Amino acid sequence: MKSLFGLSFLALSVTLLCGQTATYKPPRMADGHPNLNGIWEAMNTANWNLLDHPASAGPMWELGAIAAVPAGQGVVEGKVIPYKPEAAAKQKENFKNRRTDDPEAKCYMPGIPRANYMPYPFQIVQTNRDILFVYEYATSNRLINMGKPQEAPSDTWMGTNNGRWEGDTLVIDVTGLNGLAWLDRAGDFASDKVHIVERFTRTGADHLTYTATIEDPSVFTKTWTISMPLYRKVEKDAQLLEFKCTEFAEELLYGKYKKAK
Amino acid sequence: MRNGFLFVFLFATAAFAQSPKPYTPPKLPWGDPDLQGEWPAFANIPMQRPANFGTRAFLTDEEFAQRAKQAQKQSESDSEEFAPSDGKVNVTINPPGYWQEHGKPDHQASLVVDPPDGRIPALTPEGQAFVKNLRGGLGPGSHFPTKVDSPEDFDDYSRCITRGLVSSMLPTLYNFGNQIMQAPGFVVIRNEMIHETRVIPTDGRPHVGTGLRTYLGDSRGHWEGNTLVVETTNFNTRTGTGGAYFSDEARVTERFTRTGPEDLSYDLTVNDPKTWTKPWTLHMPYHMDKSYVIYEYACHEGNYMMIDALTGARDLEKQGKPTKVDRQQ
Amino acid sequence: MRIQLSIALALGLCAASVAPVWAHHSFEAEFDLARPVHLVGKVTSMEWINPHSWIHVDVADANGNVQNWMIECGSPNIMLRRGFTKRSLEVGTEITVQGYQAKNGTLRANGSSITFKDGKKLFVGGSNPDVPDDQKK
Amino acid sequence: MNVRLIASITLLAAGTVTAQSPKATYTPPKTPWGDPDLQGVWPGNMGVPMQRPVALGARTTLTNEEFAKKQEQALRQAKADSESTAASDTKPGIGPPSYWTERGKPTRQTSLIVDPPDGRLPALTPEAEHYRKEAKLPGEWRGKADSPEDLNIYYRCITRGLLGSVIPVVYNNGNQILQTPGYVVFRNEMIHESRVIPLDGRPHVSPAIRMYLGDSRGHWEGSTLVVETTNFTDKDAIGSNGAGYPGDPGYHSDQLKVIEKFTRTGPKSLDYTATVIDPKTWTKPWTMLIQLEKDDSYQIIEYACHEGNYAMGDILSGAREAETKKDVH
């Protein structure tokens, strides 16, 4: 029933949208790899909840709409996080206690992959050897070892990051995460057995495509993947500032130990 | 569902049998039929037909003339600035009568056109139970709540949340402005009250995930000839129409067909087997009014009622009186 | 000689005179000098975390019921750089700890003097990366 | 465990006294994009006091005899450091095991401060004297633990401050320099802070933005990287661990400006100087020199301080416990 006219218009708009060339040709560093340098930030609600979620009241009525949760389309491919039954129950428990238990509330380092979609910018510093990710949140950072992969000596919040190039995509193999970080504010989590493979591909002058494949047989029934665009901060003289949030969490963490006034 | 459409189609053409061939709307630069304009819900048609009308869908000329006279008198008093000074003042608890726009009478006997008796079909047991069990058995919030403990005792409109998709398109006391705007790949419907706007993609993309539920649902549009067909799903079970609430499977189908330079035929079919025993359809004849200006309806921002009602209830409780809100007869 | 000594002292050469800023906080704030402890028990696990790592030890008290004590050690980064990893801990090793209990009465003590019976080790393996290969024993 | 011991002994013994020949100006290699290449891991070596003992006057380096004594003493310390257990006869101290330290190798410097020539801090301004007496900022722990603010910013795992993060202490002295076109990054292991220093000559952020590590801007003077940092808060102190240094609590005003210079003096050596300019605190600017030695095998490991900070809870709850028991000790 769709009129011929409507159909042809659809085809016309599709070509317009794709821009001039099919795949983007990134500028390259001296060593020939794509230049991922820059200050980046996600522009989605993944940090609130990786899955589709409606808008809802936040955990703190005292803050009114400021602390409310915006609606958001999920970033999980297939729209489901394949929790095992007991893990699904743990996630619900986390959600119930999110006001006090979310590591982000405590200003603990966000871990991987959450650091990449926090509502705070991060900078990729791509040297002629390794690559450093500097995150504004809690001045956390992680060095991507681009040399011979190293085994995680011990578990940490930001993990042990071994990187390599696959064509024009930076692939980071993350192990040695301590399983204490959450994946979002809704209580999604993984364990210290998680193995994450991240992929950063530059898809435009001011865009990266970021995907993270999450494998943790102790928590999930199968591997699953999140994916999202990351946007360059193009303000003039954009720079990371300081969000050292330890002080902002002390009342939450230590208030109960303070001397009563 | 199929027959619903068939019936509507017959109804629409019957209503305009007199115009020889269907109107062809002008085309927009990018080829879509142009439905743009101000389409206030002026036609003052009741939602449901009085039982004694049976399946008669239209007023007789005599009935219409009587309503026209009534509307004329009403619009004169609507345009008054103050209550009549000749002492005969009917003191009520409502704002002054002249703060309303009563719209114009129409031959159509009721908005509901299917089922043929012009009445909304019966609720399913599940639909009834859902409404009754709301708020732990207290039922939905009401315009006239039986108690005033908290904002939830009021209906969504009193709380300035929303009037829901269906009511926002239909006639009411005032501010029934609707505007249609179009851009390549999108049709936008702006409802004046309560400043809600549905941006409807027409590029055939799928609905958002079922986990995403909203008051106005998730709309997708496509063109069938010169008719815009809009399918809306993903309602959040806290909105509906006629006192009932859409279930999570409700599907609302709207059809916009321009039948003349200043006329837009609008059909809305509700398909929600978990709530109503049958699908039902309403028809609204919009008439363009280029002079109608949609003003901002900032409802929540000025909602003194909520504060007055709640503080008032607290005072009543101190005096040991009930806080039930009775309608002034 | 006297001058020499004073200079040495002044230069903070003798470890004793320079109050090394041990670590992230002063321990008098956390532990109670009035609550010395002498714990003997089996190592159960270790938290390789900063600012201080914690060795967990099962200690049987007088009437035999077992409590799990946490013994505060230094920043694990040093041990990791010496080639030890979280897999290096010999669970079950018996250690003796003399130190002081936490002021808040929890089962925590500082680990300044961890001693082993008959030369046992706390960590095994580990090839200290900055030791030239020919010197690795 | 004794593997470590043998290694450090041989290194110490074999370490020839670094020749006193004047440092020929070393020209570092270039990065692919043409900047001097300072990249690498540059851990600091503990053991040099911030202020020079008065007796040494203007002498900046130890005599060979003094240095030999220092090496021998460092040797003893290294032996103790490499033990995995305490000697059975040691009286239990209150700190963690002493062998959990990495003091690095002794150097010939008589003090970190190289200007003023006497190697000592210049006089304080009267205002600074007053500020220090009134200082609500906790330096070394003085026994009060009513709330987190009574403890210094390092106990609270907030930061050790710009200079505190590079002044060598008993362990985790890892510093790393990374470079990419237009930026140099100075990364400190403790407490996982990385200063991303733009080289494009852009202005500082507004003075309204105050940061513990300030706002840095870099430029090259020949092969020396010069970094100017302003926009400090006044909530930390210069000195190891942000808690001052023996002899001075190190507090500064928010007018502080620090000029750092990174000069590679050899394939494995880098002179880091920091000039402290704070006219509200010190009557004259003063400069520190920290000689860093390249060790790319030194693995910087995450120092997640706040996340494992049992001490905060223990200290505060311990203080409450003490109050309830009213035991005085």
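Each chain carries a letter (A, B, C and D) given by its place in the written order, and its residues are counted from 1.
By definition in this document, a contact is a pair of C-beta atoms (placed from the backbone, for glycine too) under 8 Å apart; a residue touches a chain by one contact, two chains touch by 3 or more.
Fair warning: this is a prediction, and the values are worked out from it, not measured in the lab.
Student: Go through C-D and A-C and name the pair with more C-beta contacts between its chains.
Tutor: Greater number of contacting C-beta pairs: C-D.
Student: Name the chain whose C-alpha centroid is most distant from the C-alpha centroid of chain A.
Tutor: So the chain farthest away from chain A turns out to be B.
Student: Based on Cα centres, what is the most central chain?
Tutor: A
Student: Per the centroid of Cα atoms for each chain, what is the distance between chain C and chain D, given in Å?
Tutor: About 23 Å, centre to centre.
Student: Using Cα averages as centroids, what's the distance between chain A and chain C in whole Å?
Tutor: One centre to the other, that is 37 Å.
Student: Report, in whole Å, the distance between the mean C-alpha point of chain A and the mean C-alpha point of chain B.
Tutor: Roughly 42 Å separates the two chain centres.
Student: What whole-number Å value describes the gap between the mean CA coordinates of chain B and chain C?
Tutor: 74
Student: Which residues of chain B are in contact with two or more other chains?
Tutor: As it turns out, chain B has no residue touching two or more other chains.
Student: Two-or-more-chain contact residues of chain C, please, as numbers and ranges.
Tutor: Residues 76, 80 of chain C touch two or more partner chains.
Student: Hey, what residues on chain D touch two or more of the other chains?
Tutor: 157, 299, 301-302, 304, 307, 313, 317, 319-320
Student: Chain pairs in touch?
Tutor: Applying the touch rule to all chain pairs gives A-B, A-C, A-D, C-D.
Student: What does chain D use to touch chain A in their complex?
Tutor: Residues 31-33, 39, 146-148, 156-159, 176, 178-183, 185, 187, 191-194, 196, 198, 202-203, 205, 209, 211-213, 299-302, 304, 306-307, 312-313, 316-317, 319-320, 323 of chain D touch chain A in their complex.
Student: Where on chain D is chain C touching in the complex?
Tutor: Residue list for chain D touching chain C: 1-4, 6-7, 10, 46-47, 49, 53, 55-56, 62, 66, 69-70, 73, 76-77, 84-86, 88, 90-98, 100-102, 110, 140-141, 143, 145, 151, 154-155, 157, 169-172, 174, 189-190, 240-241, 243, 246, 295, 297-299, 301-305, 307-311, 313-315, 317-322, 327, 329.
Student: Can you name the residues of chain A that touch chain B in the complex?
Tutor: By the definition above, chain A touches chain B via 1-3, 5-6, 9-10, 13, 51-55, 71, 73-74, 79.
Student: Can you name the residues of chain A that touch chain D in the complex?
Tutor: Residues 29-31, 37, 107-109, 123, 125-130, 132, 134, 138-143, 153-154, 156-158, 180, 237, 239-242, 244, 246-247, 250, 253-254, 257-259.
Student: Where on chain A is chain C touching in the complex?
Tutor: 151-155
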